[in-house]
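Here it is: the structure, laid out below.
Read from first to last, the chains carry the letters A, B and C; within each, the first residue is number 1.
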Amino acid sequence: MTAQARAGVHWLYSLDATMPSWSERADGYPVAAFADSCLRGVGQVCFMDNPVTGALFLLGLYLYTPWLGTGVIVGVASATVAAHLLGLDRVAIRAGLYGFNGTLVGAGFATFLSPPWHGAIFGYIIGGAAASTIVMAALTTILVPTWQAPPLTLAFNIVTLASLVAALGLAHGHAGGLLTPGIVHHAGPSTSTALRPTADSAGSYDAVALANALFRGVSQIFLANSLISGIVIIIGTAACSRIAAGLALTGSAVGGAAGIALGGDGYAIYHGLWGYNSCLTAAAIAGVFLVLSRRTFMLGIAGAVVSAVLYATLSVLFIPWGLPALTLPFCLATLTFLLIKGHVTDLDAVPLDTLTTPEQHLRQGLTTPEQLRKQGGKPLHARLQ
Amino acid sequence: MTAQARAGVHWLYSLDATMPSWSERADGYPVAAFADSCLRGVGQVCFMDNPVTGALFLLGLYLYTPWLGTGVIVGVASATVAAHLLGLDRVAIRAGLYGFNGTLVGAGFATFLSPPWHGAIFGYIIGGAAASTIVMAALTTILVPTWQAPPLTLAFNIVTLASLVAALGLAHGHAGGLLTPGIVHHAGPSTSTALRPTADSAGSYDAVALANALFRGVSQIFLANSLISGIVIIIGTAACSRIAAGLALTGSAVGGAAGIALGGDGYAIYHGLWGYNSCLTAAAIAGVFLVLSRRTFMLGIAGAVVSAVLYATLSVLFIPWGLPALTLPFCLATLTFLLIKGHVTDLDAVPLDTLTTPEQHLRQGLTTPEQLRKQGGKPLHARLQ
Amino acid sequence: MTAQARAGVHWLYSLDATMPSWSERADGYPVAAFADSCLRGVGQVCFMDNPVTGALFLLGLYLYTPWLGTGVIVGVASATVAAHLLGLDRVAIRAGLYGFNGTLVGAGFATFLSPPWHGAIFGYIIGGAAASTIVMAALTTILVPTWQAPPLTLAFNIVTLASLVAALGLAHGHAGGLLTPGIVHHAGPSTSTALRPTADSAGSYDAVALANALFRGVSQIFLANSLISGIVIIIGTAACSRIAAGLALTGSAVGGAAGIALGGDGYAIYHGLWGYNSCLTAAAIAGVFLVLSRRTFMLGIAGAVVSAVLYATLSVLFIPWGLPALTLPFCLATLTFLLIKGHVTDLDAVPLDTLTTPEQHLRQGLTTPEQLRKQGGKPLHARLQ
C-alpha cells in the first residue's frame, strides 16, 4: 500500500467514532476549532461527538427547509459563543456539549415562531440559545455530582417551552400557527388511527406509510418532517456509530408501533411524532449511557415504550397552551431509567466523563477513566462536569 | 399451659407488628414467599409490613367491588414480578416495598379506566405497575441517599396521572366517565357544604354522615368508597399496629373537619375525599417516620390539615384535564414535614432502614440499626436503599 | 466632639448595613428582640437584614393601604412565632430569615383574598405564614447542603399559589376578583403596548409613565402598586445598602425595558408588573449572593431580562386558574444563575452563612467565615443552614 493510499485509509478510519485527530488538528486554528465545536454540538443532539455527523445532520435539515437549517446554525453558534464568554469548561465546549441545546432552540424557534427569516426571530434564537447554555450549566450542577445523571436536552425543553408560552401574550412574540391553545376533552373515541399523510386522506398501514413513520420519526428529533431528512440523519449517525444508528431506528419503530397499539392519531404517527422521543431514548439507554447488553437492550425497548406513552401524556397536558411535547418525553423517560442503575444488577453505567460511542463502551466494558487513559483511548470530555 | 395452647398464643402474638417469623417460614417456598411479598405490598400502602394486614385490606376492597380487588392483585403482582426481573434488592421486595405502588396503580386504573374487566385494562395495569417499580427505584436514588426522605407513593401518582392524561387522547385509552375535563371558575360561592350521600340529597352533619366521612376517608386510600371497607381497613391496620390505626382515624377526622371548616363540597366530604390524604399523612408523620411524641402528634395534625388544603388545591388545579388528586397531597405534605426534621429540636426520625411499626419505634427510641440488630429486633428491610 | 455628639454620630453610622449593635441590645428584651426579628424579616424580602429598612418598608406599604401593611405585620409575626415554636435555629430567626416568606404571604393573601379586614383572612394569613416557615425549612434541607443554593422566596410562592388555587373551589375560600380564571389564546397581536395608567387611557412613554413603571416595579415586590411606596422602599433599602438600592432600581428599569421591547401589555408595564422580579434578580445576582464585579453586574442584567421573560411566561401559564406570577420568575431565574457559579470563571460566590450586604461582600472579597470572625465582622446568621 502506498503512503498516499495509507493516508486515505487512515482518513476513512478517522471518520469513525469521535474523531479525536480532527479535534486536535482544528485546535490550532480558532475558527476551525469553533466550527468543529459547533458541528459536534449539532451531532450531540443524537449523542454523536463527531463533526461529520453534525455536517450530515445539517444537510438533512437544509433538505427539509433552509430556514430550519439556518435556525440551527444560529442556535448552535450562539450557545457555543455564550459558553466561551462565560468561561465554561473548554473540553466540554469542544465536544459540543454546550451546543446541542442551542441547536434545538434554533430548530424549535424556527418551527414555532413566524414568519420565517424575520429579524426578531433571529434575535430570539440568539438569546434563547445563550440562555440554554446557562440552564445547561445549572442543570449540570444539580444532576451530575449528586446523581451522576446527564442533563440531556432538558435545557432546550425548558427554554423553548417557557419562551413559546410567553410569546402567546406578547405583541412582538411572533407565536406561529402551530401553537394553538385549546380545551381538553375526551378525544379518544373520535381519534382516527389509520396512518395518513394529511388529516383527511385515506389511511393505510402499507410499507410507504410505515417507512414514513419510521424515518420521519428520526427527523422529528430536529423538528424536521421528512422521510429523506430522516435517512440522511441515520447515515450521519452511522458515520459515528453503527450501533447508535441501529438503536435509533429500533426506537423509532417501537415508538410508532406503540402509537398504533395504543390508538394514537394516525396523522401524528405517519409524521413521526410518536417516534422521535423513543428513538433518542432507545439509543441513550441501550448503548450511550449504559453499555450495550441483552439487559440494556430490553430496558431500551421498555424506555422507548414509556417515551411514547409520555409523548401522548404531554400532547394532552399541553393542550391548554397549544404547546409541543418537544423532547421532554425522552428526557423524563431516560432520566428515570438511568437513575435505577445503582439498584439493578448487571448494568454497566458508563462514567459520564468517559462517554464516547456505544462501540467503544462495549470494547472498554467497565474500564475506569484511569485505565482508559493509559490505554491511549480518548478519556473524553469530562462530560457535563 | 399446654404446648398446643402455647403455640396458639404464639401464633396470635405473631399477628402483631411485622411478623418476621412468617417471612422466614415463607422464604422456604417460592410461591409462598411471592404471596407474602404481595400481601405485604398491599399492607405497605398504609405503611404496614404485614401479610395479614394486606389480606384484610384485600377483603375490604372485594367487599366494595371485586373489580377493584382484582385490579389491586394484578397490580401488586406485576410490580413485584418486575422488581424480581430487574434484580432489585430482595429484602426490600420481601417487605412489599416494590409492591405498594403497583397495588395503587391497579386500584387507580380499575377506577378511572372503563369498562371493568376489559382485557386491555388488565394489560395497562400490568404495564403501569411494572413502570411504577422503575419509577420507585429512580425516586429512591434521588430521595434516600441525599435527603433520607422516603419516596412514599409518588411513583403511583406519577404513573397513574401520566397514564390517565394520555388515555384522554387515545383511541384505545379507555378513559372512563370519572375523568371529566372542565373549565376552572370561581366555584366557591356556589359550593354546597352540607354532607350528603348524593349530589342532590338533603345534607346533614349527623352521626351517620360523619361516620361515612370518617371511614370512607380511610377506604378512599385505595379508591374504594365504602364505610364497611374503611372499617375493615382499620381492623387490618390494627392487626399490625394499633397506634397506626388510631393515627389513621385521627387523620381522616382532621381532614374531614378541615373540609367542613374551609367550606368544601359536602358531597366530596361525605364520600371521604377530604379524609384519605390526611389519614396517611397523620400516620406517616406522627408515628411511622418519626417516633410518636407529643410534638410529632401535633406535627401530624398540622400535616393532616395541610394535606386537606392540598387536596383542595389539586382538585382545582387538575380541572382542565379532569384528573383526580390521588395521594399526591399526602406525598407533598409528608415530604415537606419530614424534610424539616434536621432543623427542629426534639424530633426522633426513624432511620429508613429500620422502619417497623410505631410501637416498635417507641420502644426502641433512637436505637441505631447496629444496636437494633444486637438486640435481636428485625433490623428491617433496608427500606428503599 | 462631645460624648453626646459622638453617640449621635455612632447611631447614624449604625443605621448602615446589618446593624449588629441593635440586635445585641434588643436581645436583652424578648419583646424588642421579637420586634427586631420581625422588622428584619420584612427587610429580608429585599435581602436587607436591617430593622430600619423593615420599618421603612412597612411605612411604604401603609402609605399604599393600611390593609396591606397590616397583612404583612400579621404574616411576619406568625411566621416568626412558628419558627420559635418549632425550635428552628435562633440565629436565623433573629436575622429575619424565617420571617420574609410570612411577610409576603401576608401581602399576597391581603391582595388576592377579599373582603379586606375579614376575620377569616386573618386566620388564613396566620396559617399560611406558619406553613411558609415549614416549607422554608424543608427547602433549606433540599437546597443548601447539596447545592449551596438559597431558598429565596420559593416558600411564599408555593404556599400562596397553592392556597389561592384551593380558594377558588371553597365556600369559605374568599377568592377575590383579581383571581380570574380564563382561556389561553393568541393574545399577542391584540396586545396594547403603550404605557398607560388605566386599561383604556391614552398611552405614552413620557417621564411620568416611565417613573411609574420604575418605582411601581419596586413596590410590586410587596404587591403594592404605588410610585410613592416604591420610592420609600428604595430609601429603606438604601438605609442598609446603597449598592442594593441601585441594583434594584437598575433591575426594575431593565424589566420595564424588556417589557417594552418584547411588546408586553403597557398597562401591566406602567403598574410595575414587569419590574419587580427583575428588580430582585438584579440585586440577588449582582451583589447579594455574588460579589459585585463587572462580570456579576452583566449576569445580573441578563438575569433581569430572563426574569422579565419568565414573568411573561407565568402570566400566560397561569391563565387557566387566574393566578398571579408572584415572585416565582425571580426565584427561577436567580436559582438558575446562582447554580452556574461553580462552572463560570471569576465569580466570587458569598458563602451563604456569611451574607451581609453587597458593600461588606466587596470589602471582604472571598474572605472565609473563619477569617471574617477573626476580623470582628458579623459572621452572620448561618443563613439557611
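Assume a residue touches a chain if its C-beta (ideal position, glycine included) is under 8 Å from a C-beta of that chain, and two chains touch if they have at least 3 such contacts.
Just so we're clear, the structure is a prediction, and the values are computed from it rather than from any experiment.
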Same-residue or different-residue interface between chain B and chain C, half as cut-off: different
Fitting chain A to chain B on CA atoms, where both chains share a sequence, rotation angle to nearest 5 degrees: 120
Whole-Å gap separating chain B and chain C, where each centre is the average of the chain's CA atoms: 39
Contacts with 2+ other chains: residues of chain A: 146, 183, 320
Contacting residues of chain B [partner chain A, same complex]: 86-89, 127, 131, 134-135, 137-142, 146, 162-163, 165-175, 179, 181, 183, 320-322
Parts of chain A lying in touch with chain B, wherever the complex brings them together: 146-147, 183-189, 191-193, 261-265, 302, 305-306, 309-310, 312-313, 315-317, 320, 335-337, 339-340, 342-346
